[in-house]
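Look at the two complexes coming up: subunit A is in both, with subunit B in one and subunit C in the other.
On to the complex of A and B.
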C-alpha cells in the first residue's frame, strides 16, 4: 500500500513538471507569435480579441486620436468621469505631455491589455500605445454573518466574493509582516487569482512549493469556488471524505494560520481552504474556544458520539432486527414486535426507504427558498412522522432511529464532513442488511483503514491518533485548557 | 488496488449470507417449562410461551404444549405447531416441574448450556406442582407470564442480594464442592402466580421445599445475602404477644469448623446482625437501653432456636444450601475430604448457631 502511495506521488509530481514545461512552451510560442504581430497595430489585434463582445464600450476622441475601451460595469463611473473631464479640453500636444508624465503604465503586450480591461481598467489607445487607467469598481456584497458556519461566541463576519475584501479581513487580524501571501493563477484561458497565505517560520517551504506546483499546474477553466479548487489539488480524489478544510469564517482562517497551516483564497469565492488538516479539524467549531474548556471538551465528545450514531445507528437497527434478535431487551420487545408486525418489507428495505426519504427531504429543503422550505418541513414531519407508520410502511422505532441519526449528522460542525458521513452511512445500512453485526464491524474497519490511509499534503489524515502523538490528544479529541505563557 | 478489491469482494461474496431471522417472523420463546409427561413416564412435557401480535395489532402470547423424548426433540414438535420460526435466544425464564426436578435437572440444563443462542443469565425456577400450570395460566391484564416471572425472580434476587437464580449461579453452586443450589418455587393460587418458598437440592435433584418463612431464615444464614427483613413475635411480658419487624444488615458472618477429632465434626455459625426497627406493636419504649437489650436478647434467642430447628431439618434432608461443606472442606486435607462421605457426615454433625441481634435505630418514632 505504501509503495503504491509513493508511486502515486511520483507520478503526480512528474505530471506537474510536465505541465510546467508545456506551459512554458506555450508561453514562448505565444511570444513568438506576438513578435511577429508587433508590426501589426496593437489596437486592431485588441479589437480582434474582443470581437462580438458588444458589452465592451469604446469612447473616441477624434481630435486627440485616442480611443478608450472599457467594460462599463467593471469600472467606477465617477473616477472615469473625472479623468474624462480632464481630457476634454486639452490639445493633442498637451495631452501627449500629460500622458508622458502621468502614472498610467504602458501595456506592451496585448495579452496584458486583455487582462487589464477584463479586470476593470480603462485602456487608452494613443498613437497605438495602450495605457492602463485603473478605475476598478469595488462593487461587492457587503460583509455579512456566516450562513453555513454559525457560532454563538465569536466573530460574526464572513468572507465575501471579493478576494481583496477577504485579504483585508485576514490582514486586519494578523498584524505581522510574517504573514506572507503568494499570488498564483489557475486556469489557462480565464485565469483566476489564488492567494496562498502562511505565517513564515510556521510552515515548511516544501509544503508551500508542493502546493504551488499543484495549483499552478491546474489548466482547467471554470473553477468558480474554493470547494471546487480543492478537489483539483487533493491527493485522494476518489475518497468520500473532504481532505481540505474549507471555511468562510476569517477568524477560523486566522486560527488555522497561527496553527501552522497554509491558507488559500480564490478570487470570487467566499471560502478559504486550509491545509494540511486532519480529520479532527472537521470536528472543531470556533465556539469551542469561547467556551470553558470543560464545556467544550464535553461538546467535542458529543460530536464523536454523534458520528458513531450517524454511522451505525440505523445499521444496528437493521442488523438487530434481521439477525440478532437476542440483543433486544425484554422491555423493548413488545413495542418493536408491534410496530414491525405491520411492515411488509424486510428491515433493510424499510431502513433504506426511510433514509432515502429523509435525504430527499433534506435536499429539497436545502434548495428551496426559506419560505417554501418551511412547508417541506411540515409535510415531511407529518408524512414521515405519522402517516408512514399508520400506512404500515415503517415501524415507529425506525423513525426514531433514523431521526436520531439525522439529527446526529447535523451535530458535525463541518457541512462537508457531515454530508460525507451521511453517504457512508448508506453503505453501512446495506452491509448490515447482508452480514449483520459482523458487516458493521467490517465496515468500521474499512472506514478506519481508509481514513488512516488518507493524506493531506503528505500529512496523515488521522494525525494525533495514527501515527500516535499522545500529547496532542487532549487538544484534538478534547479541547484542553489554554496554556498560559508567563512573563519572565 | 484493483486486485485487492477483487480479492476482497470474492472473500465477502463466497462466505454466503447468514440465515435471516427477521424478528416479526420469529416466535421468540420467552419462557419454557419442563415437566414429566403424565401418560408416558419416559416422555418430557415441554411448555413454551412466546409473544405474538394478534390480527388487530395487539401484543399477546401463545402457549404450546408438546411431548417428546428430549427437550430438543420436543422443540422439533413445537415447530410443527406454529407458523413462525421458533427461536430460543430470548428465553428469560425456565421452569421445572416438581416431579422432574426430583429426577435431576442436569439433563435438561444441558441444552441451555450448549445452545449458544441462550445466555447464562436465564432465570431458573420451580413450578409447584407442574410447570405447565404456571405457564398456561392466563392472568387478567397481566400480559406475559414470562415477564411476570422474570420480574418476580429478579425482585427476589434484588431483595436478597447476590443470590442469582440463573443458570450460571445454579451450575456454580452445583459444581462447587460442599454447596447445594436452591431455586425459588412458584405456584398457582386463586388464578394468580405466587412465590412459594425455595426448593432445596442435593446435587441437581430436588429434595423438598421450604416455606417462605423458613426460606427467609435460610437466607439469613447464607453469607452472600446480607440484607433482609425479619418479622418476630416477642413476649416481653407473660401472655402479651407483640410484633416486631426489623430490616437488617449482616455485620458478621462466620462459620467455624472444629475438625480436630476425626469423627466428630462441629460447626459453629456466628452471626451478628444490625437492624432498624420498622414496626413494633408493643407499648414499651424501645429507646430505653434496658428494654432494648431485653428485646434484642429475646429476638436473638428466638432466632437461635428457630435456626437450630431449620438446620436439623436440613441435616435430616441431607441438603446443604448454607455451604457448611465448603468450610469443612477448607479445614481438612483434600484426601480426607475425598474420602469423606459428606452427606452422611453432615447428617450427624453438630451445628451450633450463635446469633446476636443489635438495633442500630428504633425508626423515626421519637
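On to the complex of A and C.
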C-alpha cells in the first residue's frame, strides 16, 4: 500500500514538473504531498479530533481506498448521492484521474478539514489526502416579517439565521460593485463568520481597519448573536445606552449603508449592526421615510417628547408630591390630596412599587407564549388599574403617570434604547425621592455629561447636536423633505 | 489634543460661561447703577466686552496661533510660577464662589433644610465628570446643556400681556446712580469670556466671530430679561426686589403646573455648573503647565478638594457676595491685563524671531 502511494506521489510530482502551466489545484496537491512526508497521517489526526462524535457519519469504499466523512444533517443528500453515484462503479485508476480533474479543493491542514466538515462539506480521504466536497445544506428558516421592528409602510422582509440569505437580501437591494464585503472570524475554538459590508467612497478606510482589528481581536467563543457581538467591540461597555444600532430589517441596513455606515453580519444571527451611529439613529423608523415629511417630522418630535416623559414624568410626580406641593394648581390639589390621602407610603415607594410591577408585567409578557401572554396582560391590567387603587396601595393619578411613561417608552422605535431609558428612569425616580427637583436636574446633568462623552467608532454619540452641524439637524431631529436632501 | 472646537461650540461655550446667577438680580443692579431705563447699560457694557474679546483675538493673531502657554514660555520661570499660582488661585476662587452663591440662593429660596455641603458635593461630582475629560468634552456637553436651559428665555413671553411701556418712563439714566461701582457690577455679570484666551488656539475657524457671537447671545438674553423686567415692574418696585427675575418666574403658571420658578431655578444650576467647570478647568490647565510631574487627574482632585474646602466656610450670602465682588474686580483687571501682557510678549518674540531669520 505504502509503495503504491509513494509511486503515485512520484508520478504526480513528475507530471507537475513536466507541466509548465500547472493548475492551482495541482499546486495545492503538491504542497499537500510535501507536507505529508514528515507529518503524521491526516486521517488519524482528523479522527482524533472527532472522537466521541457519534453523529459524524463515515462511508467507506474499500476497493478505492476512500473514506467519506460528513454530518448527515448538514449536507444536501441529493447532491451527495449524485457524487456518490459517480464514484460507485469506477476503478481506482479512473478515480485518481477523476480526482485530478475535479474541482474539489485539497485541504492541507487538518484544521481546515475540521472547519470544512463542520460547515457542511463532505471530506473525502483518498490516500490520506483530504478533499473538500461542498454539499452544504441550504435549509434555513424562511424569510418572514420582522417582529421586533414592525412598520406600516415599507418592506416587510427580515433577516434570517443564515448569513448567506442575509447577504443576498442586501446584495439584491444594492446593485453596485461598490458594495464591498470583508470576511472576518470571531472566536478561538469555534470560529464564526462575520461580514463587514460598506459602500466604497462613503466610508473611511481608518474606520474599517479599526473595526476589523476590534472584531478580529475577539477570542471569546459562544457569541451567538449580533447584539452580543457588539458588546465586545463597543468603546464604553459600562454605559447603559446601546452604542451600535442593530436591526433585523434589510431595508434599514441598506439605508444605513447608503448613509455611509459600516454594516456587520454575524453567521446564525438575524441581526445586522451598523456603525458609526449616534443617539438619534435609534429614534428613526423606516415608516418616517414613507410618510409625508411634515407628518414624519411631527412624529419624530413626538418621540423626543416621549423620551422626556419616560425619563422624568414619574420622577416629577414623586418630586412634586414629596417636596413641591406649591407647584400643583389649586384646582388639581383637592383631587390629588384625596387620592394620596388613602396611600400609606411615601410617593417614592408608591411609584417604585408600581413601576416595578409594570416592568415585571412587561418582562413576563415578553417571555411567555402569546396565548398565556394575553392572560398576563388582563391580570396585570386589573391589578395595576383598579385593585391597587382600591386596596389603597397607590393613587389614581400615579397610575395615569406610570401608564403615560410606560406608553411613552414604547414609542421609542429601538427596543434596545427603549429598555435603556426605562432603566435610567428608575434612578431618576429614586433621586427625585431623595432631593426633589434639584435631584432630577442633577440626574439630568449626569445623563447629559455621560451621553456627550460616549463615542461609537470614535464618532460622537450626540452628533449632529454636539458637536453641532446645523445643516444636518433637519434630517435628524426632523425628517426634512427629500428634494432638498438630494440637492444638498 | 486632536479634536478642535467648532465655532458654534465656542459661541455656546462663551455664553454658558458668562451666563450666571447674577442674572436673577441683574435688572435691579442696572436700575441701581444707571437709574431709569438702566437696561440700556447692558449694550454699553457689552461693547466694552467685545473690545476686550478683540484684544484677546489680537493676541492670538500676533502670537501666530500659539496658545497662551506657548507664549508665556518666553517669560522667566519664577515669574511664570507666581503668575500661574495667582491665576489658578483667582480662577479656583471664582469658580467655587459662583457655585456657592448659587447654592446659598437655592437654599435660601427653596431648600432651607438641605445641607450646603450636599449640594456642593453634587455640583463638584458633575464638575469632576466634565473637567476630567478636557475641553472638548466640556464643549460637547455644554451644547446639550445649552439646549436644555435656553428655552427658559421664552418664558418671558408669559409676561408680555402685563408689560407696559409706560413703566419704562421717557427718562434715560435718571435718578440715583452709582456709575462706577454699579457699572463694574454689571460688567462682572458678563465675566467669563476672558477664559477664551485659554482655548482660542483650539478653535477650528472663524475665531473672532465665534467669540463675539457668544458674547452677543449673552448680551441679548440679559437685555431681554432686563427690558421685560423694566416694563413689568415699576422702577421703584424693581429697586426694592432683591431678585426680580425670581419674582418674574413666580408669576408663570401652566394648566397642570404653577410656581415653576423652583424647577427653572434648579435647571439654571446647569448654566452655573458650566461657569464653575470652566473656571476650575482653567485653574487646572494653568497648574498642569507648571507642575507637569503631577498627574492631571490628581491635580484635578486637589483642585476639587480645595474648592470643597473653601465652600465649607461660606455660610452667609453677604460674605460670599463680598468675596465674589473682590474676585470679580481682580478678574476684570486680569481680563484686560493678561491679553496685554501676552500681546507684548508675543510682539517681542515675533520681533526676535524676525531678527533671527534675517
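Details
In this text, the second predicted complex is superposed on the first by the 445 of 488 C-alpha atoms of A that agree within 3 Å, B and C clash if a C-alpha of one lies under 4 Å from a C-alpha of the other, contacts with A are read in each partner's own complex, and residues count from 1 in each chain.
Please note the rule applied: contacts are C-beta pairs under 8 Å (C-beta built on N, C-alpha and C of every residue); 3 or more make two chains touch, one makes a residue touch a chain.
Predicted model only: the values in this text are computed from it and were never measured.
When the shared chain is aligned, subunit B and subunit C each come close enough to touch A:435.
Touch criterion met: A:333 reaches subunit B, while subunit C stays clear of it. In the superposed pair of complexes, A:152 makes contact with neither subunit B nor subunit C. When the two complexes are overlaid on their common chain A, residue A:379 makes contact with neither subunit B nor subunit C. By the document's definition of touching, of the two partners only subunit C reaches A:444; subunit B does not. Once the two complexes are laid over each other on the shared chain, residue contacts for A:341 go to subunit B alone; subunit C is not touched. Number of subunit A residues touched is higher for C, counting subunit B against subunit C. In the superposed pair of complexes, A:423 makes contact with neither subunit B nor subunit C. Of the two partner chains placed by superposition, only subunit B is touched by A:321; subunit C is not.
The interface of subunit A with subunit B overlaps its interface with subunit C at residues 326, 328, 435-436, 438, 442.
Subunit A contributes residues 4, 321-323, 325-326, 328, 330, 333-334, 336-338, 340-343, 346-347, 434-436, 438, 442 to its touches with subunit B in the complex. Taken together, the subunit B residues at the contact with subunit A in this complex read 1, 12, 17-18, 20-24, 26, 28, 30, 51, 53, 57-59, 87, 89-90, 92, 117, 119, 147, 150.
Those residues of subunit C whose C-beta lies close enough to touch subunit A in the complex are 5-6, 8-9, 12, 106, 110-111, 114, 119, 122, 125-126, 129-130, 133, 137, 139-145, 147-148, 253, 255-260, 262-263, 266-267, 269-270, 273.
Residues 320, 324, 326-329, 332, 435-438, 440-442, 444-446, 448-453, 460, 462, 465-468, 470 of subunit A touch subunit C in their complex.
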